[in-house]
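Both complexes shown next keep chain A, but they swap its partner, so chain B is in the first and chain C is in the second.
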Partner chain A sequence: MSENIKIVKNATCTFCGCVCDDMELHVDLDENRIVKTKKACVLGKAWFLEHTIEKDAHAAMIDGKKVSMEEAIEEAAQTLVKAKFPITYGLSDSTSEAQRQAVAISDIVKGNVDTTSSVCHGPTGMAFQGVGESTSTLGEVKNRADLVIYWGANPAESHPRHFGRYSVTAKGMFTPNGKKDRTVVIVDVRKTKSSPVADINIRPKIGKDFEILWALRALVKGKKVADDIEEQTGISLETLEDLVERMKNCRFGVFFFGMGLTMPRGRHFNTGALLALATDLNEFTHFVAKPLRGHGNVTGADNVVSWQTGYPFSVNFNRGYPRFNPGEFSTVDLLSKGEADAAMIIASDPASNFPKKAIEHLKSIPVISLDTKSTLTSKDAHVAFRVSTYGINTTGTVYRMDDVPITLNPAFDSPFPGDEEVLKGIKKRVQELMLARHNANGARGEAKVAAARIQE
Partner chain B sequence: MALKLKLHTQPDVPLEVDCISPDRLQSLSNSEISKQTIFHGNRQVNLGDFFDCIGDFDNEIIIEGDCSNIKHIGTAMSFGQITIEGDVGTHTGAVMSGGEINIEGSGADWLGAEMLGGRITVKGDAGHMVGSAYRGSAQGMQGGEIIVHGNVRNEMGHAMRRGLIAVGGNADDFAGVNMLAGTIIVLGDMGIRTGAGMKRGSIICQNIIDILPTFSRSCDYQPSFLRQYYKYLKSMGLTINDSFLDGPFERWCGDSVELNRGEILLYAGK
Partner chain C sequence: MASSMRIINGRVYDPTNNIDGEVKEICIKDGKIVESVADDATVIDAKGMVIMPGAVDIHCHIAGPKVNAARKLQPEDHRHDVHESTPFTRSGTGGTVPSTFTTGYRYATLGYTTAMEAAVTPIGARHTLEEFHDTPVIDKGFYVLLANNIFLQNLLRENRLEEFDQAVAWWVSSTKAYTVKLVNPGGDEPWKGKKNSNVADIDEKTDEELSPRQIIEAFIKSVHKQGFPHPPHIHCNNLGHSGNYITTLETMKTAGDMRAHLAHIQFHSYGGELGKNPTSKAAEIIEYINNHPNITCDVGQVMFGKATIMTADAPLAYVLKGHSKGKWVNADTECESGCGIVPFSYQEHIYMHTLQWAIGLELFLMSEDPWRVLLSTDHPNGGSFMSYPKLIKLLMDKSFRHEEMKRVNQKALDSCSLRDLEREYSLYEIAIITRAGPAKVLGLPNKGHLGVGADADITIYDEMEDKEMMFNAPRYVIKSGNSIIENHEFKNDFTGKLLHIVPEYDKKIEEIVQPFFESYYSIEFSNYAVDDSYLHDHEIIPTGQA
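Coming up: the complex of A and B.
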């Protein structure tokens, strides 16, 4: 190890949705790597310590051949402009500034923009729209929550610092004794590493979350539920009644729910049922529901796409205005039905985790990929950009899972450009190409103003 | 003679053709019809680039060719008839307020979504969200009839307000979810969580289903109105077992987390 060590304080870990911003990183500037982390969890440690700069990688490639950045941007822009149904997907492991550029590109080329939410907490986004959201920040949870219910989530393994920083052992203003002031309930179909933390473990039959939530809603409203509830769901009426009493009588209750609730059969109705239960409980006490978001800035993706288009994900601009329709404009559906004819994939690897039919179609169309490392998607991409890692090499804004924006404090520089820089280049070029298409005889009126803006 | 639109070129990406409706084409000549603007992905093109236009409009439009990648046919139509001689894409007959759509092949998702009146008949299967509300809407289908001879997928009649959906085959999960009123009849099997969150309305099932814990059984009876429905559906070409006509039905009322004024009628004659 060299002597040339830089210490970065208050760095932010962007691995999971917790976005812990109290890291201390020791950076070896000669070797361009982080050699020591303080306060990071096991996932954060791996995220920082295993981050290396691959010196022999190329920043821009077309069909596997090294090219200049300008050539790659030109080819990417031409591909997007030529396409009749270009799609943009990914975005959750990127800064909000880059996400903003990606939405703008989709808007300009009249394409489709979708984030990894559509295969993760997308059902939650749909349920928010259908039911509404009773929400709070994690700070409020830390300071006030005396009943914490995790549903279909395993934070001990997916968000290791969630318990300590916010929800279980954290000591707050009205929870001075940490865990002693809280009751923790975990609802999960199996025993997980989170289970020992819970005061009450509820283990329903697989795929019965909706029925249990529906029964809880009925009990909260003082209605009867079917006598065979235990037979149906695996949970006795006494257990449910006890939980209802605890929920009604707590001072501040919170549901944290994960993909164990959003992804089984029923999807947005499962999360909708939980959100409706939280709403019902507000007749008795204060109750909130928060999704446990996975990727570092997936919450930012939802925020940015919502603020720019009005909808959180699965947004289509084919007609020049945004339309929202998950199931029609979600990436898995567009690829499986063979509807998209070009794709820009940002910080995501659908070629390794999408359904087979979707991957087959993705391989048959030109793909533009922006990623920090080589992936199955970038290997087969028509234009592949190697970009720097957000949080470690580039600054920007990231939204924590409770919609709190946090500015990143990068550790060291990367030879590769950031997502935002590449996307800005593509945006500028597609704007020029689209203007040229619509104004073959020179710009007039509004187009002239827009053209002048590009020049600036 | 009816106006015939013959698909001569298959689109590479979906076509959005909301101009194919009697309201839009009734007073146009064939050359004007060929010049109607449609969307091929994000490009505006003419209807004539994909369809040959033959004959004159006399309240009927016949569409030939595989239209499974063609969306929004008959959207917002208010009169006349559209016959589709093959499969058709999404949003067919959405928000229509009158007239008739006959689909010889299969329909797709959002068939008759938020429709207000008229009738859609599908000889094959249909997709998800038949007669349902669009995301964010408070009300789905508000009138009219959808008759599907084959199977339908999830969320049929989501938040429907009025009207009839009859399915000859099976229905998947969440049929009649958040239903406000109206009638759903399924002759085949049902998926799970039928009628979740329903306020009013009737869901009639012929086969045993899983009933949510928030529904309660009120009685067994022989509803005379069902006889009329079945007779009507028989006249529409669905195969109805005669034993259903007078058969006893279990009446379950729910959903108790909502108004509890909806009903699931379950054939009990087996």
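Coming up: the complex of A and C.
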């Protein structure tokens, strides 16, 4: 460790959806790495301390050979423009500024854009479209919540600071004693590291979330529940009735739910039932619900794709305007059906975590990858960009799991460009190529647009 | 691209400069209106056309957290109303809550070149500014929600008025806002903290200490003292409730002779008993406004068809959820605001909806000063901004109005005076309520007129008998001197700029705000204020000229 140490205060950790913005980072400027963190959790520590600049990596490669940035951008743009059905995927570990550029590229080349939402909280987005949501920012939970219910989530391991910063031991305006002022309930099919935190642990049978949620809705509305509810779900009527009383009589209740609810059988029916239950409870008291989002800026991706297209993920531009259809335009499904003929993958590694059929197709088409490190996806990519890491090397905006936007305060410079910079370059070139193609086809009698001024 | 332009032979409506339909040459250079241009300037022959300044929307909801939630909520609204890309403009989707690009382009296709987003939480300012950058053509600004801000309320409880002024300035400066927005002052705490209740009266002290009136008065005085170009933008208590006109009158009286802007006043002009059908109190409300030049308002006209309720007034949205029985969003923002969203539809056969429609028209038609009673639908709460041309026709064409009146709930019409109102707006008056008036009320010296030095934001319409058709399709739209629409077709893209104010404050106020932050917010104080990287193109409107 050298003497050349810079201390960065109130830096933001983008590892998980908590997006804690109170980090203190000690940066060794000679070695270009973070040597000490304060306030980071075990995941955050690993995120910061293991981040190194790989000096022998190349910023831009085509088919595994080092090229200039200009060559790589040109090849990426040509690949996207030549393709009949180019797709863009990933986005959740990138800044919203970069996400805006990525959606723009997909729009311009009339391709497809999808984010990692489609494999995590996509069902929550779909349930939201169906029933809406009563929700709040995390500070409101800290200040007010006296009943906290986690459902299908294990924050002790996935979001380690969630309890302390926002929801369990956090002390707020009307919860000055922290945990003493709250009742914590965890509904999970298994015992987890989060279980000891709960005052009440409810352990249902696997795959019965919908049934339990629907029974709770019935009880909240004063309706009868079938006698065999315990047999069906593994939870006794008494337990459910006790929970309903607690929910109806709390001052400010909150559900946090994870992929234990969104990904098993039932998917958006499960999340829809939970959101509807939270809504129903507002007849009696104030009640909110919140998905525990995983990736640092997956919430930003939802927001950006929504404001640019009207839909949160799985958006297709083939017809020159956005269409939304998960199952058809979700990347796993597109690839599994062998539909895309070029792919741009940003900050994600589908080659390592998608189903086999999808990976096989991905390997058969030209891939453009943007990643901070070498991945299975980038190794096989036709054009591979090595980019700097958001939050550590580059600034930009990240949306916390509760849609609160935070500006990143980076620790040290990287020799690699940021996602936004690379994507801006590709966008500019793609726009030029599409305009040239349009003018070459001018015989169709459309407006002459040679004089059009292209905006950055 | 031509930086200078000359528009000839058109009839000009420029109320700020007292020009009422005269044929007059308009010259443009470097984005501004100038006295004359060189002979080689591009010429637009506007013979048979009407030239107006670009229109200014003083109250709409087009960007930020609640708007984006409403977008996400309604795929069914987007699906049948798509907006195709062109080689240089972006695609998107419409409906009552269009995507950002579509919002900008569609405003332009109506001849609007400036729009103000009317309700943004401070913590959501960054999000709003990001969306603004993706909202093309128009210039835009936003009003920041401060009336239910717990820290500011605490200062008022302790009568720390000097610090209150400083803190208001700090919040407006730190968020890059245009003015303060007050929504259902005092109503958030009962909603969030007292099992979804609300404040019912302007003098009710929900915590034994502070009433809505005290909050409203403090903001009006503070903004007056600091000389913001636009006064507090007020959404009164009791929106939508029968009998609420008394609250509205009391709110206006609270201003004394200081300026106040009452938002979507139609929703606040109801008589009758709480819980029963309302009656029209448009006459009482407009009489007060006619007689008090310090008061300005936008109407918040209801237009039949699909709408989206989106408001910081969460208890109101919950009431409407009970009527619509459909999906509902509630979103609480820590220490700052509530929010409710409900997809909605105004229907001709329903008494309440017809009465709302009629009250809006009564307010317009009984207004004696078009400079202070401005056009809005509280987009998308009363209806989409895309319905403005139809609203203009309702105001300009009484035979059309009477035809429309045949299609609505007659019992509601029986209970108000709309049938007796024969007034028709002139093009000059339309130019006032959509351009010169909002620009003046906002304190934007370079908007809403075509005098030398003004921003070259210009709309040119074919003059037509059917005013809906006319205002639906300008032949030319020029933004900051750039030709955006020519012969009804998009020719250029343009980003537009942010309009904001930067009131001065004593840095010491940050030391007072910070401890509160550290206790009750969930983000760090130093990460809260919005930095200049979010500004992009912007213009600071000066304060302190009161």
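In this text, the second predicted complex is superposed on the first by the 440 of 456 C-alpha atoms of A that agree within 3 Å, B and C clash if a C-alpha of one lies under 4 Å from a C-alpha of the other, contacts with A are read in each partner's own complex, and residues count from 1 in each chain.
The rule we apply is simple: a residue touches a chain if its C-beta (ideal position, glycine included) is under 8 Å from a C-beta of that chain, and two chains touch if they have at least 3 such contacts.
None of the values given here were measured: they were computed from a predicted structure.
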Which superposed partner A:317 touches (first chain B, second chain C, both, neither): both
Which superposed partner A:165 touches (first chain B, second chain C, both, neither): second
Which of chain B and chain C A:131 touches, first, second, both or neither: second
Which of chain B and chain C A:416 touches, first, second, both or neither: neither
Partner chain(s) touched by A:214 [first = chain B, second = chain C, both, neither]: first
Most chain A residues touched (candidates chain B, chain C): C
Touching partner for A:255 - first (chain B), second (chain C), both, neither: neither
Partner chain(s) touched by A:385 [first = chain B, second = chain C, both, neither]: neither
Touching both chain B and chain C, residues of chain A: 110, 129-130, 317, 319, 324
Chain A - residues contacting chain C, complex: 9-10, 12, 21-22, 96-97, 100, 104, 107-108, 110, 125, 128-140, 142-144, 165-166, 172-174, 251-252, 279, 282, 284-286, 288, 302-304, 306-312, 317, 319-324, 395, 397, 399-400, 403-407, 409, 431, 434-435, 438-439, 447, 449, 451-455
Residue ranges of chain A in contact with chain B within the complex: 83-86, 109-111, 126, 129-130, 210-211, 214-215, 217-218, 221, 223-226, 228-229, 232-233, 265-266, 269, 276, 317-319, 324-328, 339-341
Residue ranges of chain C touching chain A (in the complex, touch as defined): 1, 63, 65, 68-69, 71-75, 78-79, 82-88, 90-93, 95, 97-101, 123-124, 126-127, 130-131, 133-134, 136, 150, 191-193, 195-196, 318, 327-335, 341, 482, 489-495, 519-524, 526-527, 530-531, 533
In the complex, chain B residues that touch chain A: 12-14, 16, 39-43, 69, 90, 109-110, 128-129, 134-136, 173-174, 177, 192-193, 196, 210-216, 255-257, 260
